[in-house]
Structures are given as C-alpha cells and as structure tokens.
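Okay, here's the structure, questions in a sec.
Note that the chains are named A, B, C and D in the order they appear, and that numbering of residues resets to 1 at the start of each chain.
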Amino acid sequence: MFYREAGQYKTSYKADQAIFPIFQDRMAIVFYLLVAFVAIPYFGSDFFITSMMIPFLIFSLAAIGLNILVGYTGQISLGTGAFMGVGAYACYKMTSIFPDVNIIILIISSGIFSAAVGMIFGLPSLRIKGFYLVVTTLAAQFFLEWCFIRVPWLYNYNDSGAIEVPQREALGVIVTGASATPTTRYLIVLAIVVAMTWVASNIIHGRIGRSWMMIRDMDIAAELMGIRPLYAKLSAFAVSSFYCGVAGAMMVFFWLGAAEVESFDVNHSFLILFMVVIGGLGSLVGSFLGAAFIWILPVILRAIPDTIGLDINAATVEHINFMIIGGLIIFFLIVEPHGLARLWALAKQKLRVWPFPY
Amino acid sequence: MSADKSAARGEVRSIDSLVTFPQYLLLNARRFATRPAMRHKNYGIWQSWTWLQMHEEIRAFSLGLKELGLDKGQKIAIIGANRPRLYWTFCAAQALGAVPVPIYSDSIAEEMEYVLEHAETVMAVCQDQEQIDKVLSMGKKLKTLKTIIYDEPRGMRDYDLDELRSFEDVQKLGEKTLGSKDAADEWEKNIYQAKGDDLAVMLYTSGTTGRPKGVMLSNDNMVKTAISANEFDHFDETEQIVAYLPLAWVGDHVFSYGQAFTAGYCVCCPESAETVNEDRREIAPTYFFAPPRVFEIMLTAIMVRMEDAGTFKKKMFHYFLDHASKVGEKILNGEKVAVFDRIKYFIGELMVYGPLKNRLGFTNVKVGYTAGEAIGPEIFRFYRSLGINLKQLYGQTEASVYISAQPDGEIRAETVGRPSPGVEIEIADSGEVMYRSPGVFVGYYKNEKSTKETKTKDGWVHTGDAGFIDDNGHLRIIDRAKDVGKLIDGSMFAPKYIENKLKFFPNVKEAVAFGDGREFVGVIVNIDLTSVGNWAERNNIAYASYQELAAHPQVYKMMAEHIEQVNRDLSGEEMMAGAQISRFLVLHKELDADDGELTRTLKVRRNFISERYAPLIEAIYDGSTEKYVDTEVIFEDGRKGSISATVEVRDVKVFAPVSHKEAAE
Amino acid sequence: MSARTAADIAVGEDLLHVDDISLSFGGVKAIQNISFNIVKGEIRAIIGPNGAGKTSMLNVINGFYHPQEGTITFLGEERRKMRPYRAASQGISRTFQNVALFTGMSTLDNIMAGRSLKMHRNFFWQMFRYGPALNEEIEHRRAVEEIIDFLEIEHIRKTPVGQLPYGLQKRVELGRALAAEPSLLLLDEPMAGMNLEEKEDMSRFVIDVNQQFGTTIALIEHDMGVVMDLADRIVVMDYGKKIADGMPKDVQSDQNVIDAYLGVAH
Amino acid sequence: MDLLFNIFVSPFIEMVTMPDFLLQVLWEGFVSGTLYALIALGFVLIFKASGVFNFAQGIMVVFAALTLVGFHAAGLPAYVSLVLALAVMGFLAWGVERVVLRHLVNQPDLILFMATIGLSYFLIGFGELIFGGEPKSMITEQLGLPTGSTTIEIFDGIVILQHLDIAAAAIAAILVAGLALFFSKTRIGRALRAVADDHQAALSVGISLNQIWAIVWFAAGIVALATGIMWGARSDVSFALQIVALKALPVLILGGFTSVPGAIIGGLIIGFGEKLFEVYWGGLLGGGVEGWFAYVIALIFLLFRPQGLFGEKIIERV
C-alpha cells in the first residue's frame, strides 16, 4: 500500500544489488533510526530504556551472532551463553589491564577473544554435522562455565567470584558504572548494535555470506563449487562468536553492571536460540523481532497481573510465564516455522502488491 | 570513441530548419548530450544511452551500412521486437537517405517474403536467429537482398554465410572509416542535404483485405506530425515511454521514434514480451499508448485478481471504485466537486487508486492514448476515474497517425476528439470521413491504382470509415464505411458498432455481426478464455478445452444475457434501434491471426470469416438450433489440423425501440 | 550440427585421462579397472544401466571419492587423492543427478555462487561492502547476467530456486556450473525426469555450451537417443566395468552393449 | 615435570595403592552411569521411532517424579500415586502427539528439536505451578524401595554399596530387558522398528504413525518415571536436574542415537570416566570437572569416529 515502486528502475548493478533497493524501505530504515536515536531517548522512561530497550538491543546482537551460525551457515550451537561470557570476561580483564583505553574500543576488542575461542570450538564442525555439533558446543558451554568459576584470574580473584563494572568515561561522559545514565548507555549500545548490524548485513550479502549459505544449503555442492569448508565454517564461527562476545561484554558493562557465571549459563544459550528460531533463521530482521518477542513479551506478561489488579505472587507469574513462552514457541513453530521474519516478509509483500492479494 | 571527438561538431542549425530525424539526432546529441535517449532492460538492468552515446552508435552503424553499400533511396528491412539497435537502424538508414521498411516480426515467412520482395529491400536487419531463419528460408527468391545483419549473436555461430553480419561488425566497419578525417563530416553533410519531401519510411499496412500495401511517408509527413503532436500534449525531453508495440506499426514508429527524436525524450525497451508489465511498472512512463485490447486485458486481470482478495479488501476496493466512478472524472476534468467527496477521493487515492496505478505502472502517466478501435465506455471511464488522463485518438498509417484527438478537458468516451492540429476533416456525402493534413502520405509503393482510389488530387484522403461531427465539433466514428449496410426492412446496420458493444463485456473476446441485406442481425461470439475460465473455476464448472467451455449451456446463458443487454442499449438509440441481435452462436474456436481470421493487428477479417463459417451463418438464418462444422486450423509450428464441433444457435429477446423523448425523461 | 569426426578426436589433445581406476566401498566394487580419456572440446558420454557406477566415476573425477587404485591425469597433472575444491579450482565443475541447488538462495545468487572461486576480496572490504568488494560483486554480476541471458532464465532471476519447477532448476544448476567457466563440465543426468520438450531445450543448451564456449563436457545420461545425438564419443559401463568405448554408431552396434541394456545374465 | 608426573603417574599409583577406593569410585561411576543410560534410553526410544531429538526427556524425568510425589503429598497411597503418575505420563504422551508432533510432521530436525525445548519450558512452568518450585524428596520407603547400605570389606578397605543403587541397577536392567522383549516379540514393537527403518514402509503395512508416536512417548514416559524415582531417591526432585539430563547427549554420541545397547554402554562409559577423572585428575584442574568432562570425551570421540560407537561408516552420496 505504501510501496510505490513504479518508476524505481535500476540502471546499474550497484543500484540493483543495493541492500535496500526500494526507496520506501530506505525511508523506513531512516524512520526506525530516528525513532531509536531521537524519540526513544527523549520520551522513554528510565524503566523502559533500562529494562526493555537495552537488553532487547543486546540480545538482538547476540541473536544476530547466533543467526550467522545457525541461520546462515546451518551449524547448530548451544554455546552462545558461554561465548557471550568470554566477551564479558575478556572486556573485564582488559579494563583492569588497560584502564586508560577507551571503554568502547575495549568492548569491541573483547569480541576478538570470543571469536578466537569460537573458532577453536568450531574446529570439530569440519568433521561433525547436525546434532552431533550440539554436543561440541555444549562442551564449549560447560567447559567455559567451569573456567569462569575455576580460573580466579578471570575475575581478579574477587571473593564474590563476580565481575563488577568499573566506572569509565568516554569523551568526558560517564558511560559505565552505576553513575552512567540509562540514556547514555542506551545510545552507546544502540550505536554499536546499528553499526554491527550494518556490517553483518554487508558480509551476508557478499562473497563470504554466500559461502556460508552454500555450506548451509548443500555442503557437498558447495565444496564442489570450490568453497573450502574450513574457511567457510570457521569464519562463520569467528564472526558469530565475535558478535556474541561483544553482546556479552555490553550485557555486563551497559546493562547488568555486574555478572557472575549464572549470567552466561546454558539457559542463556537456549534463550538466544529461541530468539533466532522464533525470529526466523537466516534473517537479520528476524533476530530483532525474535529478541523483542522473547525479551519484551515476558516483561509485559509480568506487568499484566498488576495492571488488571490481580494479586498473584511473583513466583506464580514466573511459572505461568514459562508455560506461556513454551506454549508460544510450540505454537509458532507449528503456525510459522520460518519465524516472525517470514510474517514480516509476507506483510511486506502484501503491502507491495496492494490492493491485489498476490 | 571519445566524447569530444564525436560530439556533433558540424555547423549549428536552427531547430526550425530541421526536416529529418537524423538532423534532430545531431541537434539532440548537442542539446541533450547527457540526457537519456534510450533504455533497454538487458542483463538485468536498464542499460541506458544518452543522446550523445546514441548518436555515436547510430553514426558507427550508419557508416558501416554505407561501407556495405547502402545508398540513397534503397530499402532496408527491419525485423524484430522493440530493441534499441533496430530503432537506431531507422536513423542510420535515413542518415544515408535510404528508406527503412519495418516488418511485423510475427509475420510468417510467406508474408515476410512478399514485403521483402515488393519493397526491393537490399538489406535486412534482424533481431535474432528466429528472424534470420525466416529470411534465409526464402533462399534465392529474394533477388535484391544482399546483406543480412543480426542484433543478437545467439545461435549464429554455425551460420557461415557471406551475407550475414553482426550488428557489432557493421559498427566496427563504420568506426574504421571514422579514422579518416572526413568521414564524420561528410556523414553530417549528407544528413543536412536531405530534403523534407524525401522518403522517410515505408510502412506496410496489413489491411483487412488483399495484400499489404506499402505506405510511403516523407520526412515532412513524419517530422511535422511528430512536432505538432508533441505540442498538442506538451511533450518535452522529460518524458519516458515504454516501446512495446510492433515496430512496423505506424503508431509505434511515431511515438517511439518520431516524437522521441523531435521532443528528445527517452524510449525504454522491455526485456521481453513476457516482462512488459513488470518493465512498465519499473519505468513508470509519462506517456503511454495502447490499443483498447490492452486496457481491456488489464482491467480483466485487475478484476480477476481482486476476486481472490479477502472480503474486507474486496469491499474496500469496490467502495472506492464506486466513489471514483462518481467523482473521479470530474476531478480529473477540473470540474466542481464537493469537499467531502474530494476528501473521500483522496483517501481512495491513498488506499486504492494510487496503489493500483503503481501496480500498473501508471503512476507518472501525463497522457495516455487509446486508438485503433473503439474502446468500451466503461473501460475508458474506469481508467479516467482513477485519475489517469486517458484520451482517444483517431488515426491511420496514411495520415502518419493523427487525424483527430481529444484535447485535455474535452474527453467523452464516445467520440474520438477534434481534428488534430493542421488536420482538416470533412464528411463526404456517403457519410465517409475524409481528411487532409501535412501528414498525408506520399502514396502506396508501386500501387498507383490504390493511391488514386484513396487520395484525391487535392490531397484529401478517404478513411473508409463512416462517421459524423457531433454538436460539440467532435468526430464520431460509426463503422467501416463499406461495412455499414441495411437490413431488409431498411434499418441501418453497423456491424462494428454492435460488435464493439458486445466486446465491452469482459467475457466476450470477439464478436462478428451479420445482417446486411438480411432479415435480422445474427452474431458469432468468441468467449474470453481468461475471464470466462476464471468465472467457470469459481462456479465449479469443469471443462477440458476451450471448445467444451464455449459450448457449455451456462456460458450460452451468460452470453444471451450480455446480448440482451446490448439489445436494450440499442433500443434506446434512434439510428440503431432497428438492428438488434436476434440470434447468436458461440464459436467453438478462438479467432486467430494464424488462421487468417484476424489481421496481424488483431482486427476481424469479416469477409474471410463469413466464407469460412458460411455453414454456421446459414444456420443462424435458416432457423436451425445446431450445426456441425469442421474447420481447418494451422498450428504455431505451421502444421495443419482440423477442429470439428456441433455448434448451438440460440434466439435472444429483442426490445421495442424507445423513443428519444421517453428516454430523456 | 557439425559433429566431430573420428579424425578430429584422434588428433585432439587429452584434457583428462583416467587410468585403471578401481573404487570400492567396504567390499562392494563400484568401479573396476576403468580407463578412458576425454579430449579437449568433445562431448563425452558415460552411459550404462542403473548401478553401473557412472555417478561414482564422476565423483572420482572431481575428487569426491578417492579411488583405491589408479590415477587421474587432468591438464597434465597426475593425482589420485584430492579434495573436491581442488578439482573445482583446477577447472572441473559439475551438476548433480538430484538437483543440488542452494535452495535458500535466488537464481541469481546460485549462479553467483558458482563464481565463488573467482572472487577474492578480503574480509575487510566485505565488511563495508565498499570499494573492491563492491566492484567485484558488480563485475561478477555482469558475468552471471550473461549466463542468465544464455540460458533464457531472465524471468526467474530473483526467484528463490526452491520455488522453481524441476526443469528450470536443472537449468539453473547448469548455469551455476557454467559460472565457474570450467574447462571440464561434468553433467550427471542433465535430462533425468524431463519431458520431451525440456529434453530438447536442455540438449540445445548442452550443444550451445560446447560450441559457444568450447567447453569440454562429460555427461552421464540414461536416454540412449539423446546420448547418440549429443555425444562425440561414448563410454559404456556395466557393473563397474567398461564394456565399450567409441563413436556413437560403433557403440550402438556393439553386442556387449546391447546385452547389457537388454539385461542378459552375466 | 611435576605436572607430567601428576598427570601420568601419580593417579595410577593412587589407584593401585588404594584399590578399595578405586572400587568405590567405580561403583559410584556405575551408578551415575546407569542413570545417564536410563535418560539416554528415553531419548533413543523417541529418536528411533520418530526422528525427534527430544530435548524434554530430562524434564520428563523430573516431571514424572514430581507428579508421583505430588499425588502422594495429596494424600494418596504410594502405589496409587505410582499408577496415577503413569497415567499422567500416558496422557502427556497422547497430548504431545496430538498437539505438537502431529502438526510438525516433515519439518526440519531443528524445528522439531526446538519444539521439544518449548515443551520442556512448558513442563517446567506447569510442574512448578502445580507442585511448587522448591526441591522435594522422593517417597522412597513408601514405594518399598530398599534403603540402607551394605559395606563390603575388600583389599584391606571397605566399599559401601547403597541398597537403593543396587535396586536402581536392577530396575534399569529389568527395564532394558523388558524393552528388548517388547521390541522383538510384540506386534507394536516390531511396528516400531519398521517405523524407524522406513516411514513409508511402515505406513504401507497399515501402522498409524500417530499411534506409534504416542506409544513411544509413553514408553519414554515410563522410563522417565523410573529414572525419576531412582534419581529422586539419591538426591532431591527438582528441575535443576535438567542440566544433568543434558549429559544424555554425550552418552548418545558414544552409543549412537538409535541403539539401545549403545545407550547403556555409553552411559556406563561416561559414568565411569567422569568419576575416575574427577577423583584422580580433577584436582589438578581445580575440581568440578564433572560438568564438562562427558562432553569433551564425546567431542574427542566424535573427531575420530563421527558415526558413533555402533554406527556404520557413512558413505556420502551426491
């Protein structure tokens, strides 16, 4: 309906291969960015920003990371939580080792460590396929969790065993620690997530992304087309873990403020996997939609009893929450196994052909 | 080829002194050097040429043709779909004073052979292997044809004939001569030497009877017509059009070549015939031309598709369409409309009209024309109510198209508008429409007799159509003059008039009416497979073939209803009330150009049909209720076969004439 | 059609030479002591009844299976074991018996994928989709469009291949193999499961590829009629053994071949 | 040098010098191995018949145990509770087939896998809602299971065997034997095997896939209940168990996804290996290695034998 594509013709491959070839889509992106960068900081309450937007963005980034692996490369992973942990602990260590380096640089660099760890645990994927790979990634998950507990160097020999975020400034503004305002933290997270999403989209639409998808769709044919599985799979593991690592570091530094091993347990891996599957495998938009669904829905559910004046104790609400989420996951898988992204694409298609049904 | 070397460097001539299209090319290469001249969807994107680039391409090719010996006055055939290179060939040939002769690319070899031979073409530029094969199949019969040039090299590897050359090769040949200093200058000089009364192009009209005739049109005919047409609709270099109608048809030649060169606008060639709709959507032309049939098909497709939409959407769609039919045209014509209706129309534009125009690629249309046949008033109004400035024009090859056209703001479905600028119209005593204009053709090639029959000494041309000028000064066309006849009781019988009324029903594809010198009017109807097929599907009517569907009692019932409606309409028209349809049959096969039942431009060949289906016509008039027929058909690959069927004939209700006074109340 | 004569073949230069190849899977002998050559520019067919080991032979040639015995000489280089991507990078490209397209990708992307070996821009540029990386994409897009044009699949350019009918999928797969600009093109039953018209189309494309690009083609096919028309020379296999090798007319009249096809007991 | 000594020499010296302790460790390993094997058995049953990788098996164990305890806590006699718990598992199997599986036929494995994760979330929420979130103790005595322990004097030391563990091993053995009989002797059992081999073939002999799925899920439910009782008796009944249940995965890798004996042997290998490693080498790494050891073993194993212990070598075809 809002798509007016008549007259949008392409005279060069550059225009035709653009990631958003339709003018209205580009406008929509501009609109979303304006909302995210201007409207939300301006109008959003602290609660909204801290409890919904920041974690939503961070989980979106982690979901993008996992989606690169599962959705684009077809390698199942249950180690997301641990890879996020690697990023978080790496960033924490770096802040103590290089206290003067800009924290944002450290956050991004922490991804390098998780990428390295991801590659190591990705190595078995060269020989192991399908569910067998789940075991490898679970090995990573539990081994790394164990490291987070048993290697006290990682948390600077704290008695609590937790990592706590020091206060840091960037460009004269306090960006981490308890005194950083939610809006500041939100804007930094948003900027990083937007930039990294853009990069992910570029990679996916290019040669490397194509090699991932080739491996995913038909690995044997891919190899016969000259794709080296080693490069394709390991690059996917590296990029994926990088994203998860940065998400993990941001989770601690811009959201939680402190964390211990529970923040990176296998349940987090599941959570992110849900986001990816519900959002839609092989879709960046889906990663955002999935994160929104899985993260924001429970926040809303929790708020419901209060709003309608029901007196239910918190534990019960939590149990019902679990049931609803579980039920919804099954419901979604039955109704639309390709996730919210497919619904999104269908809606878009509907609008493009409006008023026709197809 | 560097730009500065090739930028038209000769003398600067004033625009008023230009009399040929190659001269306009030189002008455009200078004044619109960086503006797009042509686009072609190829290799997935719109390959584009600016006027300067196109100038270079044409010059190289033209010089190449010269090298190959093409000379002033010689004929060069152009065969193929709408491709930039084929359009360039027109100009390249004209630059040398040669005469391009475009030929319908869907002609069968036999038809093509006649034209090639009759026009004494020395060269042929073909689009692809398919056309080359047709030309080569004529072998040595074409004595004059020396060189054949092809645009698409696909599959041409195995043809090692001396007379075959690729377009590129010819261009290379031409570029080589550019090495010598004077070639370019001489080429330009040659272009400026051309005269207005030199022959510009020869177009063969398929005609409803007999062999095609070669209509000779001069530079003056074409250039002057094109210029006044541009002025009439205020076209300039910013227009974009999609060239999709046959090259050999005068309309396309004027719109996509003549008007484009004089106005300097951009012509876009679709990727293939199947992708025309999509390509039009991408380009969103500002100027659009189509015969009524195309508008009909489009409307049918819209309605059929909407049938599958959800209830809500369907309701909304029809609600707003209803509203548009009430106020849309008024708004377009700038008439007074209530504010509330305007708001409603605005919402409709947002929800329905806008998106619909967008899907059809009509978003940017400034002017749309329909011509060639009468368009159904419903269809015409439908498009206008959406805010598309669709107009009618009346024209002929012999007139370089324009005879009359509707000026903005004076649009009525039943007329074809006022005389075009520079055109005089008179109605002969016989009722035939005659005209005189700068566009009037030079004559029929090698056919003095026909020329004399058609064109008087003073330059008046017989259109062969019967019509009259109405109270508003608009021309109305009734029918082919020679087809207008009388029933035995003396009532006027205009078959085309009746047929058109029938054809305005989406379910009716074609209708042929008989009645001249008979007791009553009888009709042979062709159903529209898309539309009726869709209806059948929705109503769970099973059918295995066209033939089966056509003979279905339900289909007959539907056709009878349509015909009754036509009779009701006719009964209200003074002149026509006497000739209502009494009997009809639904033909068991689709009328087809390959079987000679239609012309290449898909007009009905009345005489041929009445001979071919004589037994059926007899059955209409002798009162039988059914008749067995066996018809020979030609398949696409040229094989012959036959279709036989028992066709049912039915009676329909006739209405008493309504006097005009009563109708007015 | 200008079919090559026996003389043409005789003077032709060997592109591939298969020497005494044997391949077995845990005791099952798929291929036994097979030798033949493929001459530059020819269309070479491998035919035989079901289970004759034809596909295994192709798999050996492009490095997917490693034969226990024998050697393969391609472009003058002798080898036995190699990874498939090595074979691909040397210029061997192929299609599959059961269409093995990348189903989640569009026609365009599938054919683009066929050009993977020709694209090299590094990760850094890929991240920004800018400069060399973008230029590379565009340059190869152009090459891919030529293939799309060649195979007449413009109208499905942006359609996900999973939605295409079988015949078109086969054509896209051919396009993908062509995109690599191979010196040897292996076609595994390119016409399997097609109707007559589709077969004719595909035959035309195969011949066009051979003539227009001069690509050497080795193809496996079931339909004897098609093979006889297409191939310059034919290898006939049965139960993993070579039972005949020669020009179509010779093979056609060979008693062993007739027996194999009629199923005479061994 | 010290490190190498600690890795390669001292643990073995320890084993030899203290054989009674070694035996005790092995027994512990055997017991936890049995439990792993039982969980893995549930996985295998379902995977074999439906190709579904049932992530919820671990939760089903807890859920079954909770139901049993719950009924008893509501005042019902132990054996009635047991029967009712069985009925609940049957109902669950029926419901899963009806609501979930039936609609997901022909979906990719990952989707089915995700659905079972969704199922486990649902069961966790449901279980905690009904029975509360706090850990419960198993009604061991009420069910007539033996308690107490036997101390065996051997190698100048003692090995303590819990009676319960012995019972667990026995019950596991009975279950496996029962299942083996069921598969080979009954019509449904044979049908199940047919389904595992070829869905189409199974359909053509007139077996309803839906029934079969319900039956295997019920069978897996019974196994889950048995496992839950044993496990609950050793520790508490709580959903923390799901992490432990994940260890069925490496067990399956070792034993193969479709092999019942494989599940048993795999379970035992993991059980023994884990305990031995924890006791004799874990200290070097700071302890707590039980959490990941099983996975690493499976991982290393996979690298050398991707098809599992009992799987056949995979020939890839194109």
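The definition used in the following text is that a residue touches a chain if its C-beta (ideal position, glycine included) is under 8 Å from a C-beta of that chain, and two chains touch if they have at least 3 such contacts.
None of these values were measured; they are calculated from a predicted model.
Counting C-beta pairs in contact across A-C and across B-C shows that the higher total falls to A-C. Using CA-based centroids throughout, the chain positioned farthest away from chain D is B.
Centroids of chain A and chain C (each the mean of its C-alpha atoms) stand 42 Å apart. Chain C and chain D have Cα centroids separated by 49 Å.
In whole angstrom, the spacing between the mean C-alpha positions of chain A and chain D is 33. Residues of chain C in contact with two or more other chains: 64, 96, 100, 141-142. Residues of chain B in contact with two or more other chains: 44. Chain contacts: chain D has residues 316, 318 touching two or more partner chains. In the complex of the two chains, the chain D residues touching chain A come out as 53, 99-100, 103-104, 107-111, 113-115, 117-126, 128-129, 133, 243, 246, 249-250, 253, 257, 285-289, 291-292, 295-296, 298-299, 302-303, 306, 316, 318. Those residues of chain C lying in contact with chain A across their complex are 62, 64, 83-85, 87-89, 93-94, 96, 100-105, 109, 112-114, 116-117, 119, 121, 123, 126-129, 133-134, 136-138, 141-142, 176, 180.
Residues 70, 76, 124, 127-132, 134-136, 138-139, 142-143, 145-146, 149-151, 220-221, 224, 266, 270, 273-274, 277, 281, 315-316, 319-330, 333-334, 337 of chain A are the ones touching chain D in the complex. Residues 12-14, 16-17, 19, 199, 202-203, 205-208, 210-211, 213-214, 216-218, 220-228, 235, 282 of chain A touch chain C in their complex.
On the chain B side of its complex with chain C, the touching residues are 42-44, 154-155, 157-158, 271-272, 274-275.
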